[in-house]
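In the two complexes below, chain A is the common chain; its partner is chain B in one and chain C in the other.
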Partner chain A sequence: MRRTVAALLAKDLALELRTRESVPAMVLFTVTTYVIFHFGLDRNSVDGDLAAGVLCVTLLFAAILGINRLFVAEHEQGGFDGFLLAPVDRTALFVAKAIGLFAFLCVVELVAVPAFAILLLGPSLTQALPGLVAVLLAANAGIAVVGTLVAALAIQTRARDLMVPLLALPLLVPVVLGASRATAPLFAAGGAGALAGNWMAMLALYDLLFALIAYAVFDFLLED
Partner chain B sequence: MPDSEPAVSLRGAGRRYGERAALRDVSLDLAVGQTLVVFGPNGAGKTTLLRMLATLLRPHAGEVRVLGSALPDDGYAVRGRIGFLGHEPLLYRELSGRENLRFHARLHGVATERVEVVLEHVGMHRRADDPVAELSRGMVQRLAVARAVLHEPELLLLDEPLANLDPAAIARVQPLIGASSGRTRVLTSHDPVGGLVGADVALGLKAARVQWLAPAAEITLAKIAALYA
Partner chain C sequence: MAFYAPTDADQGIIQKIFYVHVPMAIVALCGFIAGGIFAVMHLRTRDRRWDMRSYVTIHLSIVLAVGVLLTGSIWARASWGQWFVWDEPMLVVFLIVFLLYATYQPLRFSIEDPEKQSRYASVFAITAGAFVPLCFGAVRMAENLTHPQAGTMTTSGPSSVTITFLVSLVGMSLLFVTLCRYEMASKNATSKLRSLRRRLAGDDDFPLPAGRSAAPQL
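Presenting the complex of A and B:
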């Protein structure tokens, strides 16, 4: 399984480096959205709940772009058949795609979070950073697991671009809720508070739950 | 698999796409090392038959056994023993031929050295680092042949395998996928003369049904032409 996951990941990374279809689009989307918020809210800075909400919701919408493209190469260039003809555990495809999406989200956030801090965030990012990294990693895991499952479902339909947001957004509400509630104290106006442990736990539980669901059903999604 | 067991065995096999039957009631046996050539007009069910044998489609009726394993339940056991060459090359356009073959080699647990061997066989070693998107259709087909035989499969499923190939390329790939490869083969063809070369058994399909199934030596060109009438 590890060998297969590594092969799939290396292939996806090579494809992304050649085509630059997902990550640059996601980065551009997040930065543009923060610029729009900057002018749209008519405020120089935000903090607390509002800051956490703007950060997390924007990252979620950026993730939708990546989720939409997750299986496009497999679908359009025969990658599904090539994979299904190999004597490998089919769950490896789910694991590789989820890890790939997780990595893409992390790269996007390396640009998006500093951009958010510059364009919108009032309180210091430095104080909030350790907690924020933990929240974003947990949120990325949830988005990657749910997103991969949804992308595998949607790619089989003709209205893929419509199906992904329709299916993913409701399923990702708990992730956004957990992430933004956990982040809000970190962006408090008076300085970073403690990470909301209960929301982090909820986020981790949701990640685990969906990882188990995906593990159980992914094979069936690949059946004709 | 016992020696006496056929490499491919179908009993009343069928497949539907929604309400439409793509293949009905196909029964045949193909011994190890033999070649079955399938003729039939577009939409006759040839590709469906190959994809079913390749474990890519589930049979909706009857029994299908490939290399001693019942499909679809034991599909896992035969996947690595089948080489499938369909209409699509199953290669990523943005990756080079070598990168594509190395990827498939890793999936099949094949040593990287084997990639260079098959590239040499199909005469693509000089263009192996070019992206597939920049290659001609014939070159892509040669890479697809290399991909199909990379893991040295026992059973070859070939959907019009010589399409887009020039005579020199055909001569290059024959030792890999031709009768001289020694492998059990199921291939589709629209070429009545070329298709029968090296074939042991011939199957005529039309409108998802078997029209005839006979030793290749007994099949006349007129019989094949009648399928397309």
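Presenting the complex of A and C:
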């Protein structure tokens, strides 16, 4: 199982490094969205819960772009058939894709968070950084798990690009809620407050529960 | 029946909508969870009848959920003065759950192959069915007490309120079960009729009936 996951993950990362399809688009999307928020809100800098909301919503919508592309190569190039022919555990595909999406989101945030600090964030980022990293890691895990499940569900439908946001956004509402409530005190105007522990616990519980559900049901999405 | 209970001193006659709104909400949520459980049974047994049960319960729960949102906003308008209150977690969660399940039918429609359609719909029903209790749990954390909880409202009031509430809850559940049975019977009859017609016509590629339906075919 571990070797299968490693092989699939290496394949996905090599594909992304060569085609540069998802991650650059997601990064560009986040920066553009900050500009949109600047004009939409008519604010030069944001702080507190507004800053947390802008960051979380931007990252969520950028993640939707990545989720849309997640299984496209498999679907179009017959990767599903090849994977099903191989005598390996099917859940390996889920684990590999979820880890891959998690890695993509982390790379996007490496650019998106500093860009946010430069373009929109009022208070200094350095104080908020340790707490923010913890929240974003938990949120990425939730998005990766739910996103992989939704991507696998939607890839076989006719209107794939439409189904992904329709399915993923309601399912990811708790992630946005938890992440933005947990980061809001970090971006407080008078200096970073403490990380909201109960919201972090909620995020962790969400990640765990959906990881278990997705692990249980993913097999059924792959048989033909 | 709702007129047996005393009229609320504070809210007057509008409080009677409580006996429709709350049982409807409880039955709709239980229907969503039941749909998820039937979907588990479908994936375990691969029996199309479980998929049919899952489809019918979710379908009727969506109808009830529309009713819940309508009666809820009428009640909110009358007692809080606004159609929708954002700082009220129960309302917001119910709206999210409704929006999630609203994609169930489009999902079924957009998969052509009937076997794959029922499998994917079951996976969706399980995920969404687990999402319902989780989401209500998450929202309980941001507890806000504007929304009257069913528990406090029935236990703190006179006993006639409790009785009326319980009777409406049982009534709503029975209505739900009856509607489910009717829809199931109608779906079965349609598919039987189709197979009889196909036998009469004597060829295998009998045209499917006009009009699109995402319902599972038995």
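Keep this in mind: the second predicted complex is superposed on the first by the 224 of 224 C-alpha atoms of A that agree within 3 Å, B and C clash if a C-alpha of one lies under 4 Å from a C-alpha of the other, contacts with A are read in each partner's own complex, and residues count from 1 in each chain.
FYI, a residue touches a chain if its C-beta (ideal position, glycine included) is under 8 Å from a C-beta of that chain, and two chains touch if they have at least 3 such contacts.
Since the model is a prediction, treat every value here as computed from it, not as a measurement.
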Query raised in the report: Regarding the shared-chain residue A:R3, is it in contact with chain B (first), chain C (second), both, or neither?
Result: first
Report task. Determine, under the contact definition given at the top, whether A:I36 touches first (chain B), second (chain C), both, or neither. Result -> neither
Query raised in the report: First (chain B), second (chain C), both or neither: which does A:R158 touch?
Result: second
**Report entry** Dominant contact partner of chain A by residue count, chain C or chain B
**Finding:** C
Requested in this report: Figure out whether A:V133 sits in contact with chain B (first) or chain C (second), or with both, or with neither.
Outcome: neither
Requested in this report: Applying the touch criterion given at the start, work out whether A:L171 contacts chain B, chain C, both or neither, answering first, second, both or neither.
Outcome: second
Report summary line: Overlap of the chain B and chain C interfaces on chain A comprises residues 223-224
Requested in this report: Would you tell me which residues of chain C are touching chain A in their complex?
Outcome: 43, 96-97, 99-100, 103, 106-107, 110-112, 116, 119-120, 122-124, 126-128, 130-131, 134-135, 138, 141-142
Query - Touching residues (chain side chain A, partner chain B) in the complex - result: 3-4, 6-7, 10-11, 14-15, 18-19, 73, 77-79, 81-88, 223-224
Query raised in the report: If you look only at chain A, which of its residues touch chain C in the complex?
Result: 149, 153, 156-159, 162-163, 166-167, 169-171, 173-174, 177-178, 181, 198-199, 202, 205-206, 209-210, 213-214, 216-217, 220-221, 223-224
**Report entry** Complex contact set, residues of chain B against chain A
**Finding:** 54-58, 76, 79-80, 82, 84, 86, 88-95, 99, 103-104, 106-109, 131, 147
